[in-house]
Every structure is written in structure tokens, then in C-alpha cells.
Amino acid sequence: MTLDSKIPAGRLEDKWTSYQAKSHLINPANKKKLNILVVGSGLAGAGAAATLAELGYEVQCFCYQDSARRAHSVAAQGGINAAKNYQHDGDSVWRMFYDTLKGGDFRSREANTYRLAELSAPLIDHFVQQGVPFAREYGGVLANRSFGGVQVQRTFYARGQTGQQLLLAAYSQLSKMIRAKKVEMLARHEVLDIVVIKGKAKGVIARDLATGEIKRFAADAVVLATGGYSRVFRLSTLAIGCNGSAIWKAHKRGAYFAAPSFTQIHPTALPQTSESQSKLTLMSESLRNDGRIWVPKKEDDNRQAKDIPEEERDYYLERRYPSFGNLAPRDIASRAAKERIDAGYGVGQLKNAVYLDFKHAIKKLGKDVIQDKYGNLFSMYEKITGINAYEEPMKISPAAHFSMGGLWVDYELMTSIPGLYAIGECNYSDHGANRLGANSLLQTSIDGYFILPNTINNYLEGELKETRPDVNHPEFVKVEDEVKSQIGKILAINGHRTTDDFHRELGKVMWQECAMSRNKKGLQKAILQIKEIKDAFWKEVKVTGYDNEMNPELEKALRLADFIELAILMCTDALERNESCGAHFREEYQTEDGEAMRNDEDYKYVSVWEYDAGDFKLHKEVLEFEYVQPTVRSYK
Amino acid sequence: MFYRKNIIAVTGMFLCVFLIVHLSANAILLFPETTARTLYNSYSTTLRESIVIKIVAYLLYLSIIFHVVYAAIVTYKNRRSKKDKYIMNHKHETSSWASQNMGLLGVLILIFIVVHLVNFWARVKLGIGEKVGLDAYGNIDVYEVTYSLFHNIYYVLFYSVLMIPLGFHLHHGLQSAFKTLGFYHKKGLAVLAKISLIYAIIMSIGFAIIPVIVYFK
Amino acid sequence: MKITFKIWRQEGANSEGSLKTYDIDGLTEDMSFLEALDHLNERLVLKGEKVVAFDHDCREGICGQCGVFINGRAHGPHDHMTTCQLHMRSFKDGDIIVVEPYRAGAFPVIKDLVVDRTAFDRIIEQGAYITAKTGTAAEANAILIPKEVADSSMDVAACIGCGACVATCKNASAALFTSAKINHLNKLPQGHPEAHKRVLDMTNQMAIENFGSCTFTAACEVECPAGISISSIAEMNARYIKAKLFE
């Protein structure tokens, strides 16, 4: 199969408009006959499910949580970008497009990235209409703040809970359509496999997590909106239940996986404090607007932060990147922190953190202003650590955060399996090798609300003449049997190690070799280690309870089984890419002062992996830059 | 579910106003005996003969009945909403004792009202029990009824001690009634909480202290 | 540190449940409460026993999925905190911790500590939205909203839907939850066209779901992780009366 990205011809500015003008439409009476499954209820999933239902399709929406409102979009704190230029600071769709493309280190498609910027402004209009209580100025207009990697203020926010407010808006629209009986919501249902019939996605197999029942769902199209897979590192900023199972199963059934190793490590999470830790809590990047990051100039300095005088502090981001300073993009800020920590300048109990200090901001702006801006983040920090950050600096540390990689999709957001779409974080589309802060809520929302509802018709129009397969179709029976046999196999092992134990082991290997910096030797070793973990898992894991009941331990084990396989692909991908770009930093390819060295000559493509009976086959989608010439990405 | 709470609130507020009037009348008992007897008896005669007061009295009876009946319904329904109880529940850390026990307090007050009505209303208005005489001015001698009742130590204790639950009930009830009826101004609510407390203290101590004073008179 | 957990175990919705005692060692003060439960579950797996089922997801206090009754308090001993934000440093070595599922007629137990809170979703379905289709919005700054209004709307919009308010309420009333959502939308100009219908429909659903009525014990505002005040309930009452009068 060749990779057709289906980018419309024409000027960059006109591509989306001309695409819409030419795509097939379906009349309302026919839409009613079409059934779409949406897997996931985050901003992408809920937005898509609600909008598709408004258009007249029959929709079934799945989420593994007890309610659609829990999806992890809820946890995004800082904000959402839009090229509104409300601040009159020179912003424009073009500039936002350029910032995003550059932020992603020129590893995404121009057309996709431009569309992201183009649709950002209407998205803010949309959310305001839906009742999102965005921050306002006294005059009643919307307020903005700045975020990493850009020099304009284009971020809209609702205190430190922007993701929550946007998700609740999407959830409320979803609820509206549930009431209208156009969406059937299947909460506590986890999709465990995709059913592909005659090369087209025609349904899913899901497990009812409350009863353990395995169910079949047939449809005319399947939309995956399952979010990121950074829980592969175990310690991440993601929710405990976030997983890669649906996309992994889709991959194994023929969907190509793009740039799996591109993982954003967020610079401002709370540091790990113990072995048994289950997650790393994120502190919003917006804190870097007013907080200054530093470490002591002296190695292994055991003094309290307040006892270290100004001249003995190293504000290393301001030192290394004077024009962006503390607002350097995430990959750069994370690597700079890692560099200092590895060199022995880390602070905190385990010497694994750096300081984020508000002393100067409080002095300059007053405690009230800081409280108004970040009050909930400060109180969250105090709840978790017991430390009052108005009095002493926060201790922060990098943590696995966002998956730029994901299922390969074309301009229509369709994967390489016809009828199977991937939207939101689970696809690889607009962010390239690194995502800019506050672009995640944007991309996931736009995919769900604006793009998919305008592209899916192009495929479904062709499906109108076909009959939807029955759930008793042999392929459904076969896939369900496979799901059941995997569950049976896991339960039957009855080994001597817990799922968490394996997950910790996997996480350590991945964090060591496939996170902020990677090298050939390490990655080769990691692949072998993960294969060993896989073998051991299938021989030694112990899962108690039964398949026909609520069984959280079984859920965990099933997710981990897929994570282990995904981890191998991630390392394979990182090993193949002999350059440093964005979040992918290969130690062999760096400048003398430690900056990334991109190699456009050999690697100006997206690595697209095909599953090949346990192995992976590489396809290359070469990136054409017609409008912007890739430059060295400098934030100095 | 809202209309029941609204009825409880409106009737409760009406009863609160009534209590102020009632306590002011009781204060007459604090005057020297002859003045008190004359004033008290003529006051109660006036009340009995006024048409307006008659209407108010019926409103009062209705208020008590509605307040009690709807509170009983709401309590029953609320209990049905929470059938399973916690094995360990530190509710005192999150809310006042009174707010958790308005039903119990209400029952105590209801018992009080019944006894109170038997003591006065039944004798004076219905003529049940020992006959009540007339005073020098020809008014029914309600003062004598009160005076003799409050020279029985058991009644004094009953009348005084039961003002404690009344106080608690009023403290929580008054501010809740306002909130139930939609008073939500945040600073206003803080003021309201204080007013409710002061009101409850004045009512409970005021009502409780009079029998004691009369006893020692 | 060493802790004795007394945890409610219940096989399924229709089975009888009871408290089971687990002595567990090797906990540290830095562990979150849920990590302590993870720790316990790992020990149970190795012993061949079924794990304790409990709801949780984001573990940073925003998704609202976690929530159990810990030592007689919703989300544990602190005010305004979720279960996942509770850390073991709030307990002493050797403590006994009693863990029960949320109790309310509208929140039936599914298993162990997991309860069914879909009644909340059904309340939301009755009008916690603006009826406007995707693609019909006007320019965002065409609607001016004073900062005070946006802020006070945000105060209540912050509700995470955890159900602690219902769990702690002696009447199992969902008034704080419902009021937060009604007030969030009704305060904003976008919410005005459907304001009356919203408050009537949502409060009606609240009654249908067998939630009790609010008697202002105020326990909910103490437990609410988002710090929503009971004045929100009073505000809902005002909106209800207004809707009834002017509908």
C-alpha cells in the first residue's frame, strides 16, 4: 500500500476550503442510516460524537471511565492557542502556523499544520458559545497569556483548568445528543479490538468493565479518539487508565503507526519521590510565564533554596536561551533540566528536580496577582507536597507527557485502514516532533469538532450502497474469540509477579533509553530487554479474579501486554532515526554546545510503520515544504 | 421536591415572627404581680376577641401543621434516599449537630407544643380540665393558670429545658429558610448566620428564663 | 509505616458486603492514599486473592473519578481534597483506616468501593448545555462578559463531579452538584435563553434519581474538592422560584 496523504492541491491558504467544496455530501435522510463508533470521550471523542450526532448520524461512544466527563483532556491546565490577535501583538494564522511547524522541528505536514492554525480562531468562538467561562478582562473581552515557544500572547484560558472547562463543554454537548437519543453512551466499556472486514473497519469488540461481558459492535465507520500512550513509561502525567490498546490493536490489524517514539517530556511536573509512585503530577507550563527556573551553581548543594544567594543561582534557561528564557519550548526546557540534573546540580531529596521560583514575580506583581493567576496550581502543589510555594520555590522535574506519535492519518484523518479514523492525541498529525504548549487542546478539539465531521462523509458516502455487516459475521466471531483467548491466557498464567511489577520494569527501561535522550547502543539494548520483559510477562504474570466480573487487575494486565509490544516499536523507531529533531534527541547527533542536529537531507520524512507478523516494516512519507524552508530551530 | 421545602421555610419564618410576639407577651409576666395579672389577662382577652388575631391564629395552627407534616414527609424521603449508613461517620467534623438533627429537635418541640397547648389552650379556650376563674376586671384569669403552672418545679424544668432544642432548631432553621427561599448573597449569608444565632439565643433564653423567674416570684 | 485497613468488600451489586481487615506494612509517608491501596492490591495478587476494586483515574484531583469514604469522611480527613490528593503523611504509623464506598440510594455499589454515579450524567443530560450546534458560533468577543461574572461562573464550573457532596450529605442530596452546573450556565449570557427550562428540568431529574432534598447541613461545601459554596444551592433555589413564577 502506498501512503497517500490526500493533501488537496492549491494554495496553502485555500486547501481546506477547496477540500470542503469538493468533498462528497450525504443527505440528512441517508445520514440516519449510517452508524459510527467513537472510541473515547475526551475533547476529540466527545466533540466528534456530539457533532456527528448533530449532523444526523447514529453514534455510539465508548469510554473506559465511569462517565464521559472523566477523559484525560480534563487535566490539561494551561490553555488553548488561537490566532485571534486580540492582543494586537502581530499574531496571525500564518505566524501561528509557522510557530507550530517550527516548534515541531519541521516534521509535520504544512497543510495539516496550516489548517490547525486556520481553524483555531473559530474554535474559540465555538467554545465561548458553549458556555466556557474563559478568563476575561474587566471590560468583558477575552484575556490571553503567553506560552512556551512563541513570542505572542495567543493562549486562552480558564484559570488553571482550561482542559476541564473545554472537556465539560464537549461532555455537555455529548449529553445533549444522548438526551436526543442520537448518541448511545457506553461508559465503563473498553474497546479491545477492531473488526476489519474486506479491508474496511466495520466494528469493535469491547469489554463491559462492570460485568466483564464481551460485546460486539458493528458500524459503518470507526473513530479512535483514545488519547496518548505515554503510560508506556509508567510514570507519566497521564491518567492511570490511559492506554494504547485500541490503537495498538488497530495497528496489528493493518493501521500504520507514525513516529511512535516522538514523546514529549514535560519540563514542569512534580518529581518522583518513591518507587511505588503511580504518576507524576503536572504543574502547568503557564507557571513559566512568571516563575524562573534555576539550580544552584555549586554541585550537590544541600542548602535550602532560601539560603542560596542570587549570585549562586544558575538561571540556566535564561543563560542558554536569552531570547525565550524560561519560555523555551518543552523539549528544550526538559533537556536543559536533564542536563543540569545529570551533571549533579539537581535539588530535592533524590536530587532529581530543579527549582521554579516565584520570588521575583511576587515581589514585582504582588501575591494577589500571582494568586489570581495560579492560585489553584499553588494549592494543588501544597496538597501533594505539603509545601507552600508562595514561601519557597517549587521543585519540578521532567515527566513523560504527550505522544506526538500515533496512528498515521491522511489529511482526512483516516488511517491506512479505510473507515478507521484516528483523531486527537492518538494520531500523528500536526505537532511534528514536538508539540507547543496549548496546542494539544486545540488539535484534539479541531479534529473532533471541525475536521472529522467534514471528512468522514467523503468515505461514508461510498458506504451507503453497502450493507453494514451483522455482528454475527464470521469475522466478528473470530475477533471476539481472539480477545477472549487472550484474556483466558493471561488469567491462566498464574505466575509470581504482579502486573505493576512488570510495568515498573518496562517504565524504567523506556525512561532510561527512549525518553529525553537516546542513543544507538541504549536503544538496541532496550529492545532486547523489552523482548525479555515480554517473554517473562507471558510466563510469570499473576492476575487474580475472573473474566466475567469487574476486574481492575485484568484491565491493567491487558493494557500492559499491549504497552510492551508498543514499547518495542517505539525503540525501533527511535533507533531508525539517525538525527535529532524536536523531542527526539539522539546523543550521537548534537552540536558542541549540546543542541539538536537535525538532518533534513536523510530524514525529512515521517516514519510510518507497518505491522508485519511481530516485526515492523518502515514506510516513509516524505515531507514537502513548499511554503516554509526548514531552518535550524533556535530559541537562543 | 422544592415546594415542600418552600412550605417548610415559609411556615417556619412565620412561626419565627410569631415567637417574637409571643415572647413580648410573656415579658408581661416579669412585671409586679398585680400589674402583670391585669395586663396579661386583658391582653389575652383582646387576642381572643379580635377577628384579625383569630385569622392569624388559624394561620398559626395551619403553619404548625404544615411545617410538621411537610418536615415529616421530607425527612422520610430523605432517609429513603440514604438507606445504607456508614459504619464510621465523622459528620460532626463537617456540619453542626443541629443541622444533622433538625427532625429530632422538631419532635421535641412538637412534644413541647402539645403539652403547652394542653396546659393553656385546652383549659382556656376549650374549657377542658379544671375550670379557670375570672380576675377583678372580669377577664379570664390566664395569669393564674400560668402562675400556678410555673410553681410546679417539674413544669418549670419542662418549659425551660425544652427551650434548648428550640434554640438549636431556630438557629439552623432561620438561616436555612432564607437559603431555601433563594437568598444567596454571600456576604448577606454571613450576616444572616449571625442574626440567626442572636435570634435563637434571645428566643431560647427569653422563653426559658420566664418560668424560672415566675417560680421564684 | 504500618497501617491496618478495614475495607468494605462486596462481590457485586446484589451481594452482601462487609468490612475486611488487612494489615499492611512497607508504606511510606510520600505515598498517596491510592498508592497505598495499589500496594495492598499487589500483596493481595501475590497471595492469590482478588484485588480491592476502587475508582480512580487522573490521580491529580481533576477527573473526579476517585472517591471513597475514609475514616468517616468523604475523600478522607481533609477539607476540599480528593482521595487521590490525600497522602499517607496525613496518617500515623499504626493507624486503623476504615474505607467504605460512597453511600447514597442514587449511587448503588457495583463492587467493593466502586459505585455507580451515572445519575449525575442523567442530571446533566436534562439541560446542562447550551443548545447550539457546532459551526453556528458568532465572533467570541461579540459577547462581552464582565470579569466578575466570568469569575463567579468559573467558581461553580470548577465542579469535578466526584459525588462527595452526595456522599457526605445525610439526605444524599445532589443539590450542590446540580446547582453548580445550573449556576455556571445561567450566570452567563450564553445560558440565558434556556435558563428557566434548565433549572426546572435538571432539578426534576434530581428528584427522579432519588437524591434527597437539601437541608443545608453544609457538609457538602466542606468536602467539595472544588470549594463550591452552599450559597450556590441558595442561588439555584432562587433561580427555581424565578423560573416557576415567570415560566
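Chains: A, B and C, in written order; residue numbering restarts at 1 for each.
Just so we're on the same page, a contact is a pair of C-beta atoms (placed from the backbone, for glycine too) under 8 Å apart; a residue touches a chain by one contact, two chains touch by 3 or more.
These figures come from a predicted structure and were not determined experimentally.
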Minimum number of chain-to-chain contact steps, chain A to chain B: 2
Greatest separation from chain A - chain, by CA centre: B
Chain centre separation in whole Å, for chain B relative to chain A (CA means): 63
Chain B and chain C, separation of their C-alpha mean positions in angstrom: 38
Interchain centroid distance [CA atoms averaged], chain A/chain C, Å: 26
Interface hub residues of chain A, defined as touching at least two other chains: none
Touching residues (chain side chain B, partner chain C) in the complex: 1-2, 4-6, 74, 77-91, 93-96, 99-100, 102, 172, 175-176, 178-186, 189
Chain C - residues contacting chain B, complex: 8, 19, 69, 71-73, 77, 98, 100, 103-106, 168-173, 203, 206-207, 210-219, 222-223, 229-235, 237-242
Residues on chain A engaged by chain C in the complex (per definition of touch): 47, 50-51, 54, 65-72, 74-75, 84, 86, 122, 124-126, 128-131, 133-142, 158-159, 161, 163-165, 168, 171-173, 175-176, 178-179, 185, 187, 210, 237, 239-241, 273-274, 276-279, 281-282, 380, 383-384, 386, 449-450, 453, 496, 498-501, 542-545, 549-553
Footprint of chain A on chain C - complex, ascending: 11-12, 28, 30-32, 34-35, 38-39, 41-42, 44-46, 48-51, 53-65, 78, 81, 85, 87, 89, 110-111, 114, 116-118, 120-121, 124-126, 128-141, 143-147, 150-151, 153-154, 157-158, 160-161, 184-185, 188, 190-191
